[in-house]
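Alright, structures below, take your time with them.
In the two complexes that follow, subunit A is the common piece, with subunit B as its partner first and subunit C second.
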Partner chain A sequence: MLVFVAKRLGSLAVVLFFLTLLVFTLGKVADSDPVRTYVGVNASAEAVEAAREELGLDNPIPVQFGSFVAGAVQGDFGISLSSKRPIADELSTRLPATLELAGWALALTVVIGVSLASLYSRPGRFGAFMRFVFFSAASAPSFLIAMLSVLVFYKWLDGALPAAGRSSYGPYEDATGFYVLDGILHGSPTYTWDAIQHLLLPALAAAVGSGVALARVLADGISSSLGSPWARTARALGEREGTVLRRHALRNASSPALSLLAVQAGFMVSSLVVVEQVFSWNGLGSYLSGAIGVGDFPAIAAVCLILGAVYVILNTLVDVALAAVDPRVRLS
Partner chain B sequence: MAEPTVLTVSDLTVTYRGRGRVVTAVQDVSLSIAAGRCLGLVGESGSGKSTIGAAVQGIIAADGSAHATGRIAIAGRDLTPITDPAWAQVRGRDVTSVFQDPMRSLDPTMTIGRMLNRYTGSAEASVAALERVQIRRAGEVLKKYPHQLSGGMRQRVMIALALAPQPRLLVADEPTTALDVSVQAEVLSVLREAIEGAGCAVLFVTHDLGVARHMCDDIAVMKDGLVVETGPAGDVIARPEDAYTQRLMASRITLTTDRMRPVGAPEPAVVASMRDVLSEQGRPDEGVADAWGAGDLEWERFMGRTAAVGAASGLTDVRLVEHVTRPSLAVNEVDKTYWSRVKGRKVGNHVLTNVSFEIGYREAVALVGESGSGKSTLLRIAAGIEKPDTGSVDSQGVAGEGTQVIFQDAGASLTPWRTVEELLRERIEHTTTGAGMSRAQMRALALSTLELVGLDESVLAARPTQLSGGQQQRVAIARAVVVPPSVLLCDEPTSALDVSVACSVLNLINLLRHSLGISVMFVTHDLAAARLIADRVLVMTGGEIVETVGAERLAQDITTDYGRRLVDAVLA
Partner chain C sequence: MLYSPRRTLKRLERPTPDRPDGAWSALGMGEKLSLIAVALTVLIAVVGPVLMPYSAIIPSGEQLLPPLSPGHLLGTDVLGMDMATRLVAGMQRSLFAAVVVTLIAAAIGTLIGVVAGFRGGWIDSALMRFTDLFLAFPAMIIAMAIAAAIGQSLGSAMIGIIVVWWPLYARLVRGEVRRVAALPHVQAARVAGVRGWKLLWRHVVPAVTPTVVVTASLDIGAVVMTLAALSFIGLGTPAPAPELGRMASDGMKYFLNAWWVAVLPSLAIGLLAFVFNYAGDALRVMLRRTGV
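Moving on, here comes the complex of A and B:
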């Protein structure tokens, strides 16, 4: 198992290297001059030259790439062209915001997936109706669900749930940046509950689509597991349907569901970019869309790298979980 | 009767409704089993035997597609089939079961120990349970997952699981059908000893009369949902009274079956093919059916012109070719290794080691061995589907065109969206014989071949999925011989078929071989079938041919330990 994990981490490094190369190349071939973005359209030729030197852009491209990689490894992504501040500083508050949202969204995906799956496999009209609802919900893009939920919970239900920002109170000093965790660490139930309320709508908007997809795969897996010869064996040994489901079918059905979850995690990262916009969530997504707007390539590169790393790490975790669930993966 | 009755089934009728049709699977069946007795429920597929097996466990699906009347009583408790909630009290306590497919009947995500401990109560009791089914090093086996065990081991675990709750009744549904023959004998004796120790009643569902005789005290023969004959096993086997039981008994192939004549009772489809063969050779019918029934119809009679060519070569006994001058198939010093990666290292699996043999004109050779002995790989190499690492294959026979294969699973070997006519035409078009033929000529050729295998014109337009298993196998044979090949390669062509269908397929292959002069390579794990078809039997184990024996006195002449084990495994 340890070797397995180590191997996956090794491939993580390789993937990240190529991602870095790709992002760096994109920055170089894109039709925008980073120096102009940095100094402004009206700057003098001398100022442009000075800035070019300051940003290290006068060096040969391989050297630029080398220092880019060296910096990225140490968490130094350079200076934002638009704000002129170190990107690492700007991201230090935004990364926890996005990770917190993504974590909640993933958890909600699993909750939605498992609970819908149990409804889905019901026979008869109710099951057919649920399948219809599933398809409708799964085909709706996340921004539509985001706006609908704002409409329902904020406007029509008179502010039942907050529709913008992360907290009504602002961050603690010297905190982790994960608001729910901060609230718990500081022993403030009000603060924690407020943070959770702020999280609910954006997490739900990001989770509905992938939750429905997960439910489908899980339900299919469960129904084929329940029809399998070993489920028949369990019944013949006197197990009741509920036990067959919990003890045998769920675990066997979870392998394909886990694989899907890994793919869905990738989609979720991209849907977060949109969802953060709708809910004014100061995370990586809104930072990224801001940076794209002004052609701030170092910032774009930094966010891409971090999201890429998160995605690969999630996939590694899923692979490990797969091996834990299915002994045939682990022992063959 | 001294022992109390454990199972009583009275007037059980089960019907299934599906696609607008109502099918009666079981009709007015009554039977009973006393404690310590084993009742064999014998019949071919579709006879309703498995439905009874499911009914006495109360596991017929209660989704409304099945309807049942009658009573079932288990250990004194009266139950209504299908709907009775009392089944929950009975199933897994008073009645448990062993199923057919040991590969998939155990949850792949659980260790044997975790499965077994739930029913035995403790790890020590589980070890004892495994020891009762003669598993050595039971402690280690408890830590394993099903996929780490062989088929025979898994089926032993299944038996241990089924006997763990100390049931009054054990239902064994074809428990050894999916296993290798030699493993089958082992598992059966394990099962027999285990149930004797447990003292429970056994309902043993099987299609195999040999297995039933080996295992059961009493036998009930089923056909089309009805029990046609019941009685003590010895009586039913030795003196069958019902016509169907007699047919079933006649279809059994043993190591003493007469090889010179067709096996089983005369079958209309095969008789029709025989008439076709004779009329093609310009000879009269001569009452083939009567001769077969009377037991004096020999294969010799169907030797055609091609046989005359062989006879003209100066060989006295054409069928036993002693001096092969021009073999139809020559396999020379073939080696084959499959490579795979295990933990990053390349690991070679040596499948065939220096294998050489020849099959002469009109000769039939059988390759016998267990799964993993390399016999199927050898067949694929002989067919040119795979290339040997070293060595060569020469299949330029004197008669016929190329090699053709009949696979075990005929259904899967026929392209599902093509009609039978298209399937046969495909083969015809790719031969020199068929190169210049018109559509109409090809159709006529296809039709006459279908008649030869006992199918009629209506099959031409059908697709494989619309045909029964036996019909599919006949179509596969027709495709293989529509343009006679030099060598016909058969990969377990009968092991998935019911005995009576298997019988007619074997008869058909024998007929084609004698009338068309085709050489046959017959790969099987069934020694009795091998002996029936082949002149010589090659015994394979571990990728090598360890012995070559003449077929007639196979049981006496075989000398290697491995070969003897195969002989012992044939349950007569």
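Moving on, here comes the complex of A and C:
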């Protein structure tokens, strides 16, 4: 087990290094000139030279890469070309926003996945209809789901759920930035409930796609488990079909589902970026699309690096967890 | 699946692979419909833009007309451009881009997979290390970073997706090549003196091709959606180009007053993806049943 963990950590380091190298290289070959974006098109030659020095672009490329890595490790991603403020400062309030949304979306993914899979794996009952639902939900872009949910819950149901922002109130002073948690910490049920209401629609829109993908893997696993000899034994021992499903089939199907969930986390990142834009959610995603709009590549690179690192680390953790519960993974 | 005698009987009634009309008649109603839907969609995307009465990039009526307005079946957008015309043109663009992306990614992946699987040795391990590295990267994020670095256009979004898509094919093809190379008839050819390119071209490539083709056709729906997501967050060609993702995100500004400007392009993307995902699955089922 120790050898497995050490190997996995080693490849994590390699992947993170190449991820950083790739993002840095993209910054160097990027279409736009960072200095011009920084000082504007009408700046004098001296101003351009000063900015070049300020951004560290007068150093040789390997030195620039070294300071990029050193900065990234310490959470310093340089200066945003458009706002001229440190990117790390701008991201510090946005990271909790995205993580909070991602956490809720992941929880909803599991809820959707498990309930759809249980419906689907009861043969005969919803077969063709569920297949249609599966394919529709898996083919709907997350912004379509976001738009439709806003139309239904905000427009037609007359503001039953809020359709923009994170809260009707401002953030607390000295807060964690996770609004639901902040509400609980400050003992305010109104604030907490309001934050949860704001979370529901965006989290749902981000969760449907991965929830359906999860359901498909679970349903496959469940239906092969239900036909297996030990499921027959369980039935012969008088267990009810629901118990066989929950206690035996679902548990056996959950290991491939867990590794799928880690992969889905990568796809969820892209739906989060999209969903944040629809719901004016002040997170990394809306920051990213803002930065794309003005060609601020250092800001784009910072967001990609953070999200990429989260994804790669998450996958490593899942691999180690799977190896811990299933010895076969360790040996392969 | 539960054991049930009725199910077993049904399975026995299925047409056997050697029946002449096997492939088509083995399909269920839904699967047949989905293949017809693909044909229709492709037809609309190819000839549709020519048949539409308006231009996709020139205003042709009043601004923000709702759907079912006279002369504008699906309404107009904020500049007064006809929505139906723009949707058909957008579907053509999406579909064309998705097919090109899939073909190039499959070609690159197949090339690398064949070389790795056929040559073996250090070339194999070097190529597969490289492939695994790309597989470990978060695909969407890398695609975004690449497209953002190249600039806002459909082409850069396509390049971004190709870069993260080929490794899947490389892994798949390498495995298939190694499997096929160990088959008796290929071994026999080798013993009979067929070597190198001739062996590869005559015996290995034909055996690998069906797998690649099926995988590619299953992928088109996913590529359509990925392209749309990139376009939605600003990595597509800016307006007035008829790009569905971009149309949807631009339409968000007037969403509560004129829902159709944002919702219809999103629906068009969903429809394209649905048709291709469903038909891809039908194709898989068909091949499994006929044992090709």
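In the analysis below, the second predicted complex is superposed on the first by the 303 of 332 C-alpha atoms of A that agree within 3 Å, B and C clash if a C-alpha of one lies under 4 Å from a C-alpha of the other, contacts with A are read in each partner's own complex, and residues count from 1 in each chain.
Operating definition for what follows: a contact is a pair of C-beta atoms (placed from the backbone, for glycine too) under 8 Å apart; a residue touches a chain by one contact, two chains touch by 3 or more.
This is a predicted model, so every value here is computed, not measured.
K.L.:
Who does A:Gly27 touch here: subunit B (first), subunit C (second), both, or neither?
P.N.:
A:Gly27: touches subunit C, not subunit B.
K.L.:
Once the shared chain is lined up, is A:Ser139 touching subunit B (first), subunit C (second), both, or neither of them?
P.N.:
A:Ser139: touches subunit C, not subunit B.
K.L.:
Contacts for A:His248 in the overlay, against subunit B (first) and subunit C (second): which applies, first, second, both or neither?
P.N.:
In the superposition, A:His248 contacts subunit B only.
K.L.:
Taking the superposition on A as described, I'd like to know which of subunit B and subunit C A:Arg85 touches: first, second, both or neither.
P.N.:
neither
K.L.:
For A:Trp230, decide between first (touching subunit B), second (touching subunit C), both and neither.
P.N.:
In the superposition, A:Trp230 touches subunit B alone.
K.L.:
For the three-chain arrangement built by superposition, which of subunit B and subunit C touches the greater number of subunit A residues?
P.N.:
For subunit A, the partner with the higher number of touched residues is C.
K.L.:
Could you tell me if A:His186 is touching subunit B, subunit C, both of them or neither one (first, second, both, neither)?
P.N.:
neither
K.L.:
Can you list the residues of subunit A that meet both subunit B and subunit C?
P.N.:
Common to the two interfaces on subunit A: residues 123, 232.
K.L.:
Which residues, counting only subunit C, touch subunit A once they are in their complex?
P.N.:
Touch residues, subunit C against subunit A: 1-4, 7, 30, 133, 136-142, 144-146, 148-152, 221, 225-226, 228-229, 232-235, 245, 248-249, 252, 255-256, 259, 262-263, 266-267, 269-270, 273-274, 277-278, 281.
K.L.:
Over in the complex, which subunit B residues touch subunit A? Could you list them?
P.N.:
57, 59, 63, 88, 91-93, 96-97, 99, 101, 104-111, 119, 145, 147-148, 158, 161-162, 165, 171
K.L.:
Over in the complex, which subunit A residues touch subunit C? Could you list them?
P.N.:
That would be residues 11, 14-15, 18-19, 22-23, 26-27, 29-32, 121, 123, 128, 131-132, 135-136, 138-144, 147-148, 150-151, 154-155, 223-224, 226-227, 232, 266-267, 269-271, 273-274, 277-278, 285, 288-289, 292-293, 297, 300-301, 304, 307-308, 311-312, 315 of subunit A.
K.L.:
Applying the document's contact rule, which stretches of subunit A touch subunit B when the two form their complex?
P.N.:
123, 228-230, 232-240, 248, 251-252, 325-328, 331-332
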